Each structure stands twice: as structure tokens, then as C-alpha cells.
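One chain, chain A, appears in both complexes that follow, with chain B as partner in the first and chain C in the second.
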Partner chain A sequence: MARTATKKSAKGTAAALPHFNFRRLSGGAVLLTNDSGMHASLSGAQFRQFRDGRVAAGSALYKDLAAKGFVRDMMDIEGYAAACAKKNSFLGAGPGLHILVLTLRCNHKCVYCQSSAVGQASRGTDMSPALARKCVDFALKSTNPGITIEFQGGEPLLNWEALKASVLHARRRARELGREVRLALVSNFSLMTEEKARFLLANEVSICTSLDGPADLHDKNRVFAGGGSHAATVKWLKYFSAAYKKQVPEFRTFKPSALLTVSRYSLGREKQIVDEYVRLGLEDVFLRPLAPIGYAKQLWDKVGYEPADFLSFYRAGLDYILKLNARGVTIRERNAVMMLEKILNGTDPGYLDMRCPCGAVIGQLAYNHNGDIYACDEGRMVGWQGDDLFKAGNVERDSYSKVMLSQASRACAAASSLDTQPQCSRCAYKPFCGVCPVYNYETQGSLSGEMPSNGRCGLFMGLFDTLFSLLAKPASAKILKGWVSK
Partner chain B sequence: MAKTKKSSVIADAGRDGLSAVRYAAYSLSGSAYVFLKPLAGGKVLAEFEPKPGVDARAAAGLPARFRLELEDEKFREKIAAGNSSLREFLLLKAVNYAPKAPEPEPDSGLTPKQEKELNDLIHQIEKEIKAETAGGKKDPLGITRTWEDKYGSNGNKKKR
Partner chain C sequence: MKEDKKNSPLFFSAGLYSAEALKLAAAVFSARGGVRLTAGKGGTEAVLSGGINPGEFANEALNQQCRIDLSARNSRLSGIIVTKALLSASGSSKKGGK
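On to the complex of A and B.
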């Protein structure tokens, strides 16, 4: 094991300590983290000993800190670099997520709509099948060995021809190139038919829908003129779940998933929401906050809330989920899973919103109905309001290289590099966290934003505080560790 | 609504460093508008005007939070200064990390001439890697390369 040249133990000065960040947690504990993603939780007294170089060499605490890279003279240089490389392996991989916005039309009028949808009868907002195929070809230029092409809208089933064309084209090109291509559809299911469902299953398209909780809450959030949105969601969730359970030898069938958006109406209803997910056999619930981006920004007074309100909701929801787990029910919370994947396993779970730099361009591309490419889907929503700051190019006019080197790409990467953020660079949650330039721009008027007063930062800090406090308790730690154990 | 009272602290920028004072002030900017005013003798007056919505108890705690942040920031700066080279080395190593190849067998089965040629080749490669990473290559991670640039126009042609 490679060690640094000096073999003496820590001398009692800060210079003998390696680089690390720390955070004082409520209750007096202090959390230490380092660039390799290791963490250690010390009591206040232990932290003072550590800071002053008074931790006795050979003590259990010293050995633990040394093993995690917090003792400079005992650092495993190779292991440290390997851990850093592992958690940042996405950096040169190429964009993995390619979002095709097949239409802006939608037959729902959700109270928080973040996707810049227009009415079902609108014209000029559908992607043509030919353009959809070009988007697939563009996505396949990515060096990422496992790309995902996600079909979104509006409601993508309103443009079935383009969806079908791009699915068939993607499958054909993947076979020709010998590449793994994952296809995913995000739909409200209101236009799903048996024929469409069979086509999607046969072409191994994974299915994701929106489910905001029990019928009254879901239908209040997700207004559908054609009847109950919840009923269609539940009907097709059951259909795809049954197909997943059945499995056939001809193709792989994936378990359907659902996304929750927490509006103001959801606050206080965490148990009912979780129960609805459990009732429908879903094993993951993503307690996902609403962001004041795009159309939702204009509606914030009606449906938005303060980070503290969301955190109360989240803590109560997670507490309930842990209680269900203790009773043997299988249900996990997605924020927690993704954060724990980083904290406990040192791997990147592919959550593009929490990477450093963020997923804009280097992790994902969003293709609008007209072929314009945006750094991310949230950036596209800003574009819909007439501000193309996050536009990275156009499928028909620009080369892959030009898109990757676009101003949007570089600006987002620079603004979301946490070492350039005064607060983030000092934050103990830095190895696990990420900032969103679009959020910063929409809420604070600059790509970099200002973290001490940034709502998203406050929210993420609260989520990390919650998880680390639960990890300090043996019963909850056992459940949480079980969620990400391999 | 009654205006929350301002508070202030005098910091010794000469002793603690101006950057530590500035960061400690910045860290409070979510709760207060912080005004830094230079005083004689290297001192700085930090004035806190609580932002709307900050309750009286939190407002009253601003000077204490500032002092704690200042102490922590001085410590952070000390650590950062003592580790900048090591940290840069570690992160550069991580960016260019490749898993270590298994140790060679004691007897390689090569003639002395072949061993020399192999060693020369290894040195040459090491030199090239060093030259590429030291100067800040334009696109060290190959972010602008396409699939075809990396793998050729036919890819790896594996059947799924």
C-alpha cells in the first residue's frame, strides 16, 4: 500500500492534517469528509482532539481516521486516487441521458407543470419522425457505452408516429452498432392502448409515469379534462407490473416506475402517498420537491412552498417508510437511495442533478421538438420562456463536438464545479452533492447563484443532515444500508 | 412589523486574515445583510442586518455564529494552505487514474535485451502521459469525441 513519504505520526498541527471539509451537526457531532468521499462522524471532544493533533496513534479512532484518509502521514495514495476516480467516473464517459421531447402538447393541465406543455390542439410543436430519427443518431454519437433515450413531452403518446419511428430506429441502430441502448417512456398513460403497450414491451421500452398519491390528491395536482388521471395511471401501472411479473423469453420486461411531484397540496399527506405506492406494488417512492423553474415559477404562490416545509414533509415521509421497512414492507425512498449510494458505496448513481459538475451536456442532452438541443430538460423549459441561455445547438445544424463545446456546456460545467462555489468548496456534503445552474439562474439571477440563501442548497443540506442523523442510529442505519447493499 | 435590530462584531483582520473574515461574513448572508467596514489598526467592523423572516432569536445569535464561523474558517484556511500541493497531486492522479496492472512474475522469460526494450517503452509511455497531463491538454477526457472517433464507424459490432 503506497503511503506518503513521511512516516511520523501527526504532530499536533493543522499542517499534519490532510485536506478535509467538516460540518457541525446538531447535537454537537462534527462530520468530516474528504475528496475521496470518505466520511467520519466525531463527537465535539473528538473533533477538538483531531483538530489539535491529539488523537493517540494506535487508538481505535486514529485507526478509523487513518483508514478513511484523514491522517495525512498514513494516507493510502493509490486507494484515495482510485476512490476519487470511481466516484467521478462519469466525467469523461459522454452524455448518458438523451431526452427527446416528442411534442409539447399535453392533455393534462397539471397545477405545477414544469415541462412547458401546450394544449392538446396546438400546432407546430410535434417532432417529425424524420427529426426524431436524427435525434437518435445524434444521441448515438455519445461515447457513453450505455445511453438511455427517454421519450418525454408534453405527453409523448400524442405523437405516436414519432415515438414509434424513434424506437424502431434506435433498436435497429443499436443492433448494427452492437451497443446497449436503453429506451424509456415517460407518460401519463391517458392515451395508452393495448396495441401501444404491446409495441413498447416488445421493443424493451421501460415505462415511467407520474403518480402523486391517492386519487383525490393526484387528480387535484394532475388535472385531466378527459376524466380521472389517477384511474388511467393505476390501470396501466397494474398492466405493466403484471407484464413484468410474467416475463416472456422473447424480450426483457422492466418493472414500471412512477415519479411523484410534491406540490403544496401534498404537504402533510406523506403517509397516504407512501401507502398508495405500496398498494400498487411500487418498491421506490421519490419524494421529489417542486422547483420554481419554467411554468411552475409563475405558479409558485399557488403551489410552491419553503424548503423547510418540504423538509418537514420529507422527514415525516422517510420516518414512515423506515417504520414500514421495519415491519417487512419493501419500499425505498429514491433521494435517500441516491445519496446513500454516494455516501456508503462511493459510486455515482447517475442522478444528474447532484453531480459535480452537474449533468448539463456532459451527462445529458435534451432535444426539443424542433431539433434544438439544450443542456438539460430544465434548461429547455427556460428556453420555452424565450431565454435560450441553455441552448447548446441544433441536431440538424451543429456537430456533436460543437454541442459539447458550446457556451451553455462550458458555462454550466464551470458554474456547477463545487470548488468554484465559496460555500460548497467548504461544505462537508461536497463529495456527495451538486448545484443546478438552471435553478440558480431562475431563482437568483446567476448561474453560480449564492448558496447561503439558495433554497435548493438549504433543501439538500436538510436532506443530508437527515440521512447522517439516521445513519448514526443503529436501527435506521441497518435499513438504510440495506437499501444500497450489493 | 417592528424592524429587527442590527448587531455587529469587530474582527481583527490583521490577525485572522481578511479572507477568513470575508468568508465568515458570506456564510451568514442567508440570514442577514452583512456590511464590512474597515477600521484603524487592521480591524474590521462586521454589521449584521437580519433579512426578512429571520426571527429575533436567530437575529440575536448572528454575532456568535460569525465568531464560530471565523474560527472554523481560520482552521480551514490553515488546512488548505498546508495541503494544496498534495491535494492537487491526488486529484490529478485521480483524473488520470488507471487501475494498477498485476505485478509481473519474478521471471519474465525475457532476454536482457528484450527487458531493456520493454523498460524503454514503459519510460516512453510514462513520459508521454506526464507531458499530456502536466500542460493541461485541450480535451484530456475526450469529451468532444464521438462514438465513431473513439471506436470506429462500425463500433464493436457485438450482438446483444
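On to the complex of A and C.
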């Protein structure tokens, strides 16, 4: 009698199978996953064989399933554990991303603003240079060996003195401590000058801006009283791209990047958005959904959309990107890249919103202009509305360990554990996914949320469905695998 | 806050729903309206006010009960992962420690 995927004594029973989750995909295929992040796509007939313990031992399917930890008799426990450890290496790292909100002031009035910005003339919303240095010192207490300090706002260039002070301080302290510190600026570029640009380049600050697509769409989303926002964005993107291509021996110059926020106005314009990114020489476009958090929550009826609307936009956009790739154009989609890193390479790409537990405090900290520390930038936006549930402490009053073990930290970590989420614990996408306590709280009233009616869950399920269906097709699979091949 | 006259009280059987799950569900809806829970024979009665959708409340009660049931099974695993993450981030964990 042929050996099968199950023990003889328990043949045909669920107890004979190792732990796995599954999902029926469109077209009849069934996706199997396990906690090590391994996955296998079976036909309906193969899945029934697997379920019933009738997969013949010598078959290719048996060997494939055994190698991936789906055959209990053939479990490589050490290999399984190593894969789990690799996938979850962030659990031992500590916060790597430190967001310094240098000012709440902004000279734009974006229709979807999620950063709780105030007008350019507002007072009392700038971080002082001294406090900015203290925030850098606090970030350097992180147990994470390689941290990133990201300067945000509002528009951070409105508080140049604090930005300059924290950059210089971070570089000096990093040298003294022998620490790896990456510095990043997120700016709309409207206040960028040659002098500032040279300073940023010389201090190895990587540059990221917002680019919502072609000029008319960008300027409709990102309203700038001082003229066209798009023109300044493009001008300085070209400047930093040229600097990247040139490179000089004195310092490293990073390729600039851009972030897209998809508003209702963006729907149906995916090709023009992607074309704009390609035109500007950007190699990554992040088709990033809007979340009903902060200012966007109040304007959701005007600028928001249903998950299904975003998924239609996403599928059309990704399909277009794949077609461009097939024609030799270099452009990748960031959601796909980060998910594929997990699915195909079994590594953590540092996508803090998609971790278990989520990245709140244990992966990132957001430092408000007044020194208050929040679990994440989204949590800071909730705080701006008067609810400090996600506040983890204050730079000047609280110790590093107190912040790490704060109520906000513990609550977010516990609430985002997928093993105690009713739907997530059985979801085939569990090894690659994560929940967001801030999103849950803002949309459903609790940190843990209720996944069957959770918009973010529906959205990510759709993204994973899209990717796995594309991975089942040889032509698209080849391109997607190429995006994350080492 | 006035109770919604059009909504009949919801009855949650004690065989399925713990008092804890119903209290947690009531807390989730506290910002949107009022939930009055009354323990009775064989279960708990919930009277909703402030325009809370009864279906949404029932969904949340079920969600909370499932979370409690699941936590009873998985809390050890979840606790190990969460504790590892928190202690590593705080610098409290010792290298090589279990």
C-alpha cells in the first residue's frame, strides 16, 4: 500500500494533518499556507486528495507538500522553525523607524490630509532644535542596530532650523556611537532651495516626496496656494535624480522616491499615474489606499471610496505595470513588492503595517512637535483629534523602557496578534498579513476590530487574491518573481 | 439617552455568550450610543439606544465571544510572541534567554 500524506492510524482525519490554513481562489485552485510562510497552490482534486490523506508518497505533489511542511510524517521541524525565525526576525529587533514631526504647519491643503496639519501661519506647533536633538537621542536608545529617522510634518522644510539641527546631531552621535543611522526627509518640495538640497545631500539624507500623478490630478489632490504643487515636485525630483545619477566620492546619494495617495479623483486614472512615474524615472510606484483617519475621516464622503473601488483601481494599475514590464520598462508596485518579499522570500520587508504584532512602538515611534511620543504616525493623528489612546510617553519625561512597555505599546501588540483574531487565525494570508489597531479603532471602535466587516481586511484580502492569481500565471509570475529576486 | 423604541431587546443565550463578551461589545459601541445589559434567566438582554444597529451589535458580540474562545486556546502562543517583541524592544531580554 502506498504511503500517503497522513498517518495510517489517523488516515482521513483532520488530526492527521499538520496545522495549515487554506483559501479557495478564483478558478478553483486552493491555496495552502502555514505559519512558516510556506505556501502551495493545489487544484480542487489535489486538495481533496490532500484533505483525505490520499496523496501518494512518491508523487511530485507529495514531495512538494512535504518540503513545505504540509505532511506531518515528513516535518522538518528545525527547518520549519528556521523559516519562522527568519520571517519574524523583527520580533527581536526593536523600533527601527523614528518619525520626527518637526512641525504641524503646512503650506498645502491636501484634500485627504492624513497628517493633521495646520495652516502655515499657526503658532506653537514647531519642534524646537533642542527638542529635536533630544528626540534623536531618544531614537538612538533603540535596541534596533540600524535605525531610520524620518523627518515629517506638516511640511518639515517650514522648520528648517530644527531639521538642520537634528540632521547634524544625528550624524555626529551616530559617528560617536558607531551606529548605523539612515536619515530620510518627506517633503512637498515647495520650499526646497539649492542650499538646502546641498546640505541634505552632503549629510546623506534620502529624499521622498508626494506625487499623485499628472499635474491636473496632483494639483487637485494637493492644493497649494502658492501655485502648482506638481511643478515644484517635478523640478526637485529631477534635481535629486540627477544628483543620484552623478554620484560623488564624498558622500552616498540615494535615489529619490515618491509616495502616491489614491483619492476618489485618482480612480480610473491608474495608467496616467503610472506613466507619470515612468516619465520621471521613478522605478517604484506605491498604489497606496487612503485610510479614513485624521482629516480624511471627516472628508470621507468626498474623497473616500469602498475597498472594492480601490481593488478595481489596483488590479488595473498592476495589470498595466506588468504590461510595461513585459515591454522592458522598469517599474514596480510597492504593495506587491512588500507582499512578495514575504510570500516568495520568507523575509520581512519592514512593512510595519503588515506585521504580527503590528509595528506600533515595537517597530516605530512618532515624535510629535511637543515631544509627545505616539505608537505610530496614525496614532498621533488620533491624538490630534483629542484622543491620546496611542500616546506612549514623552521624550522629556519618560524613559525609553517606560515608553516601550507603555499601555499603548502593550495594547497595540496584544490587539494585533493574529493568533487571537477569530478570522485572521484561520486565514490563508495570516503568514503575510497584519492588522492595524489604529484603523480598527477609528473605523470600528475597538483596537482588535471585527474582521468580517473590516474595510482594511477586505482590501488586503483582495490584494493577496490578486497576487496569488497572478503568481499562478507563468508570464506574470516571472515578472513578479523578478521584482524580489536577490 | 433614549432607548430606541423601534428596536426590540436582543437576547443573548448564556449557552453561547459570556457576560464578558457582551460587556466588551457594549464598550465598543459606547461612543455611538448606549447599551443596557440585563442578566436574566438563561442569558442576557441588551437594549440599544442612540441609533445603534442591532445587527452590528450582535456581530460585535459574536466577534468578542469568538476572540475569548480563541484566546483560551491560543493565548500562550500569542503571549510568547507579544512578550518577545516587547521585551526585545525595551532591551529587557537577555541574549540566549528563553
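A few points about this structure:
Throughout what follows, the second predicted complex is superposed on the first by the 474 of 486 C-alpha atoms of A that agree within 3 Å, B and C clash if a C-alpha of one lies under 4 Å from a C-alpha of the other, contacts with A are read in each partner's own complex, and residues count from 1 in each chain.
Criterion: a residue touches a chain if its C-beta (ideal position, glycine included) is under 8 Å from a C-beta of that chain, and two chains touch if they have at least 3 such contacts.
Quantities reported herein were computed from a predicted structural model and do not represent experimental measurements.
Applying the stated contact rule after C-alpha superposition, one finds that A:Gly92 touches each of chain B and chain C. Shared-chain residue A:Pro357: touches chain C; no touch with chain B.
Of the two partners chain B and chain C, it is B that touches the larger number of chain A residues. In the superposed model, A:Pro214 lies in contact with neither chain B nor chain C. By the touch criterion defined above, A:Ser401 reaches both chain B and chain C.
In the overlay built on the shared chain, the residue A:Ser417 is in contact with chain C alone; chain B does not reach it. When both complexes are overlaid on chain A, the residue A:Arg179 reaches chain B alone and has no touch with chain C. Using the contact criterion defined above for the overlaid structures, shared-chain residue A:Leu140 touches chain B, although it does not reach chain C.
When the two structures are aligned on the shared chain, A:Ser448 is found in touch with chain C, with no touch to chain B. By the document's definition of touching, neither partner reaches A:Pro349: not chain B, not chain C.
When both complexes are aligned on chain A by C-alpha atoms, chain A residues 88, 91-92, 94, 142-143, 362, 400-401, 404-405, 422, 450, 452-453 touch chain B in the first and chain C in the second. For chain A in complex with chain C, the residues that touch the partner chain are 88, 90-95, 142-143, 356-357, 361-362, 400-401, 404-405, 409-410, 413-414, 417, 419-422, 425, 444-446, 448, 450-453. On chain C, the positions that touch chain A within their shared complex are 24, 27-32, 56, 59-60, 63, 66-67, 70-71, 74-75, 77-78, 81-82, 84-86, 88-93.
Against chain A, in their complex, chain B makes its touches with residues 23, 26-31, 51, 68, 72-73, 75-76, 78-80, 82-83, 86-87, 90-91, 93-95, 97, 99-100, 140-151, 154-160.
Of all residues in chain A, those touching chain B in their complex are 4, 14-22, 24, 35, 51, 72, 77-78, 80-82, 84-85, 88, 91-92, 94, 140-143, 174-180, 362, 400-401, 404-405, 422-423, 426, 450, 452-454, 458.
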